[in-house]
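There are two complexes below, and they share chain A, which is joined by chain B in the first and by chain C in the second.
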Partner chain A sequence: MPSIGETVRNSQIWKSIFRHPMPLDRRNRIVVMLTNFFLHLHPVSIKKQGIALSYTWCMGGVTFFLFLVETVTGVLLMFYYRPTLQWAFTDIQALRDVTSLGILRELHRWGAHAMVITVWLHMYRVFLTGSYKPPREFNWVVGVILLLLTLLLSFTGYLLPWDQLAIWAITVGSNMARATPFLGSEGPGQQLLSIGGIDMITSASDARFGLLGARFVGEETLNRFYVLHCIAIPLAVAMLLAIHFWRVRKDGGISGPL
Partner chain B sequence: MARAGKGGQQPPAEPAAEPPATQPSAAKPTAAKPEPAASQAEEVPAGPPKTASILAAARAEKKRGPLSKAEAGLLPGHDESRIEEAIPRPAKPVVPPMPAKPAYAQKKPEGAQPKVDEGRRGVLAMLSAMVGTSLGIGFGALAGTAGLWSLGLARYMFPNILTEPPSQFKVGQPSDFPPGMVDERFKAAFGVWIVNAEYNGQQMIYALKTVCTHLGCTPNWLESEQKFKCPCHGSGFYIDGINFEGPAPRPLERYAIRIADDGQLEIDKSRVFQEEKGEWTNPDSYVILRWGGAAGLRASQARADRARWFAASSLRRQVDRRWAEALR
Partner chain C sequence: MHGASLDFVDKASSFLGPYYITMAALNAVVAGVLQFRLQRSGLALGCLIATIAFVILGAFAWSGSLPGLGHNTEHLINSLLSGNRGAVVYTVGTAVGLAVLYWFRRFFVQPVVAYIGFNLVMLLLGLSMTNPNFWEIVAKPDNVPIVMLVLLLGFFTWLATWKAVQNDDRARQGLPPLESLDNEKVLVWPDLVYTELICMVLLTALLLVWAIVLKAPLEEPASAVKTPNPSKAPWYFLGLQEMLVYYDPWMAGVVLPSLVIVGLMAIPYLDFNKEGNGYYTIEKRKFAYLTFQIGFLLLWVTLIVLGTFLRGPNWSFFGPFEYWDPHKVEAQNNVNLSDYFWINLMGASVPRVTSDMGTAESLWMILKREGLGIVLVLGYFLFLPPVLAATVLRPFFIRMGFIRYMVMAILLLFMAALPIKMLLRWTLNLKYIVSIPEYFFNI
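Up next is the complex of A and B:
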């Protein structure tokens, strides 16, 4: 008389979900690692020094974990936040009472601070272990771009609470864009981009305007930063992360020789 | 055990190596095991496995792969020397001979190359490949489309409509601003101070932009100390807007100001005058009241109009030329 477990495991539904036997012996462990969508992101086996904390510090892994934490908490915050002049500040304050734990907004903020710290430590570790040397130079470049995108995520997210700290920080930070060479309305070479005597780069059409969506930090800026923070930059980060991990794998695995 | 030693696909009764069978019907594999093991014991010395053993293996519930050294080592009754044997290696496949090279892959004889200048031929060949072949056309179309899309994306980020408060607004009669006064009534809503003070020996009314020239914060007017002081980094400006302390690199900026038709002062925020560029001499950046009342208003309006006309006229150029000659 087969047990319930055996009946279930023999059913067609089970077999359509789990195509291979349980990973209890070496062959099946390999097979499952190779054919599962989530597990195949990891190699089947790694070298022992790959998990040596004194070699890797695990900062890359921690940064990725924090990115996932930020994504999850960020999506949850989006259920209760409205990016308008009327509601932005109030909604952030209300998150403390509206959500059951009351610290979801804080978790997101602390995670952001922690992610910036760990991404710098990861960069420092890669430098100290020489993991940027040929043929890994381009992966270092991808990593630097990821660092810049992390900092941009922090910058755009900082505005969303719409308090005094946020507005003035973004005002001062974006004022710098006015001085961009050629593309800033008050930068050097601004007149070079003029057609028929009409300036192409004015305060309403320069790099700063493209960032803010207006000539000063206002409702358009709030909306633009909201879209950048929640969708545009995370998508770019996800794509670059995939490339970053792929290259680590192809170059011999984490903390591995070539 | 002998069967394990032969590297059987299903080592029998291995409680140490395997957790309790989660596969269904532990009875079945044990029944099937003796068959393949037995048939393997017959044939192991050489040759491909017999059909019977393959079928028996396929029928078995558990699909086992090769044993690792660790697993072989865990089998009861193992000894080190048999571990190598315990690892099954696939039989070397029979490789058919290599087919003969086709004609296009044959090495060309040395003297067969045409005598043409390699550089020019290369460029021509590349260009013809780019526009001649369908591959070139396809990728060219893709590159063109991607370029156009990028340009469209850049244009998309700059909206055609700006929602801003109107840049021109009236602030009241000039008599509402007595000499020496810095009016803060319009600071919060419009970002401007209306100041009636002396500059370059002249009493005038001008409109200062409330943006610190250091990093963009809003300074405060300190009446008792008669200076504008920025709370962010301590930049200080005199009543005329000239910077004198702190990190501000240049004076506060002025907005265009004029007397409108109804006699009120009208500010135009779309025009800005910077002292360091010498723009504060432009009569559009200030209003001078030499007399009070309606007569004074008309007089200032007339004076402003005349100054504006003169600045733009050819008469000014003649005067400048005459002065330049006289001073030479």
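Up next is the complex of A and C:
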């Protein structure tokens, strides 16, 4: 009498999904890495010190995992939340007071803070082990762009609850854009960009306006930040993550003494 | 504020009770490991004493009598770190502290020393949390991540330095770094995928606990007319907001942050040192190491902590136990370099641009007024790099070639521009080196 587990594992359905037996012996442990889509990001074998937690701190992996957590909780939050002046604040309030899975918001917010921290720690580790050195120079550059995008993700998300904390943090942050050289209405060199005595760069056409979609943080900004936060930046991050991981493999795997 | 309210005692004791008990439990586990696994009875006894101390503190805290630092100590710290002087004491103090840790790293990285240090920090944090003003700032939900960041950075900096010190010792004896000892290859299934799985489970649990214990902040609905005081950017940008004290927005908010990103990207192309690839070391890449640590720990993290915990209403500096009084006003008499030059040095009046002047004439006036500052700034960026190339940075110049050397020198000079301006502000009350408000151009 075969056990239920055995019956399942010998069924046509199971075998069509998993192209190999249980990874219990050496051969199948190698095969599983090669035939499974999710596992094939990894190499088949690796130097022991390359996976020592005291060396890697696991911070890159933790950051990626947090990105996945943010994606899942973020999608679920999008079901509840409407990015309009009428609803934004009250939807978040409802998440806190009424909605049964309101804890999603806490998970999303704390996960975001944690992700900023783990990105920094990951870069700190990569620097301290000199892992940006040849042949991994370009992957460090990709990583710096991912750092920037992580900060922008967090920054655009900060506005969405539409409370006092949100709009004033974004106001303070985006006021800087007003001082962009040449392209900000109060930036040095702004006067140079004028035609026939008419300024081209004003508070209704400068870098800050482009960021906010208006002269102050308002509904246009909310919409703009919502789209950036939920679609544009995550797509860019996903794309760069793929390159980042691919390059880790192509540049010789995890770093170690030569 | 005098006499903590009952509400506060309730809140603080329900946090500090579990906090101290957690520390006691940690010490008990460490004592057990030391006694039974490592056979280090002396150290185990020390941990046992720490366990008992934390249990006693926890019992006190739980019962509602909160052991704190005492009014005199809190007052002393406040008076040291207060007013305009506060920023100086804090920043210079942190710099000196980090320098001491670096200089005596062989002593501080020893696990016993580091562990005692960790316990003392946690004790100090616990004692400080009994002050309502301190609590008010540190326990703000969005500030909790910064406390975690500081603790995590402390831990990982210790770990990395400990390994680097060991590797540097080994290198002196002609031995390879620790990282090359375990060259054996293992299969990713199960060795790595299981580690990843455990990490994911632990992290999920941690996030869930964090989300249950700490509510996400939600303040009043947004209002464009009610400006909160202080208005702060998200915490990871507070280092930049703190730079606004010393530089105008176009520098602190646009040029310097852009250069941080560009500079980070440039690191692998500027660092020609082939040593120290794939293992922890300090000795073999001292220049790169120190530059990075000054940039990250001192100019980035330290300023974030300053901007978050010590800057209150009107961006005034407040001691950690000080009440954030919105009416506290600090007299700031900052003077432009052009004022110093024309009034104090030349005994003349500052050249003025008047409304009846044409463009050329007013430009000439500005040039005359700010001449010294312009020469100094241009000299800083154009004159210093070649001078450094001929003297202290000569080996770099030879190895790097003209373009790479110039890029590095300019980036380093921009990085140094922040501490330089800080020092000028603290010592000379200098406001702007070049001040051309007519064109929004102030440095």
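Convention: the second predicted complex is superposed on the first by the 213 of 258 C-alpha atoms of A that agree within 3 Å, B and C clash if a C-alpha of one lies under 4 Å from a C-alpha of the other, contacts with A are read in each partner's own complex, and residues count from 1 in each chain.
Note that in this section a contact is a pair of C-beta atoms (placed from the backbone, for glycine too) under 8 Å apart; a residue touches a chain by one contact, two chains touch by 3 or more.
These numbers were taken from a predicted model, which means no experiment stands behind them.
More residues of chain A are in touch with C than with the other of chain B and chain C. When both complexes are overlaid on chain A, the residue A:89 reaches chain C alone and has no touch with chain B.
Look at A:26: by the touch rule set out above, it reaches both chain B and chain C. Of the two partner chains, chain C is the only one that A:55 touches; chain B does not reach it. In the overlay built on the shared chain, the residue A:171 is in contact with chain B and with chain C. Contacts of A:253 after superposition: neither chain B nor chain C is touched.
Looking at the shared chain after the overlay, A:113 reaches chain C, while chain B stays out of its contact range. Overlap of the chain B and chain C interfaces on chain A: residues 26, 30, 168, 171-172, 175. The touching residues of chain B, when paired with chain A in their complex, are 18-19, 22-25, 62-68, 71, 157-159, 162-164, 215-217, 232.
Residues 23, 26, 29-30, 32-33, 39, 42-49, 51-55, 57-58, 61-62, 65-66, 69, 89, 92-93, 96, 103, 105-107, 109-111, 113-114, 116-117, 120-121, 124-125, 127-134, 136-138, 140-141, 144-145, 147-148, 151, 154-155, 158, 161-169, 171-173, 175-181, 184, 186-191, 216-218, 255-258 of chain A are the ones touching chain C in the complex.
On the chain A side of its complex with chain B, the touching residues are 2, 5-6, 9-10, 21-22, 24-28, 30, 168, 171-172, 175, 204-205, 209-210, 213-215, 219-220. Those residues of chain C that touch chain A in the complex are listed here as 142, 145, 148-149, 152-153, 156, 159-160, 163-164, 176-177, 179-193, 195-196, 199-200, 203-204, 207-208, 210-212, 214-224, 226-228, 231-237, 240-241, 248-250, 252-255, 261, 264-265, 267-269, 271, 273-281, 285, 288-289, 292, 296, 436, 439-441.
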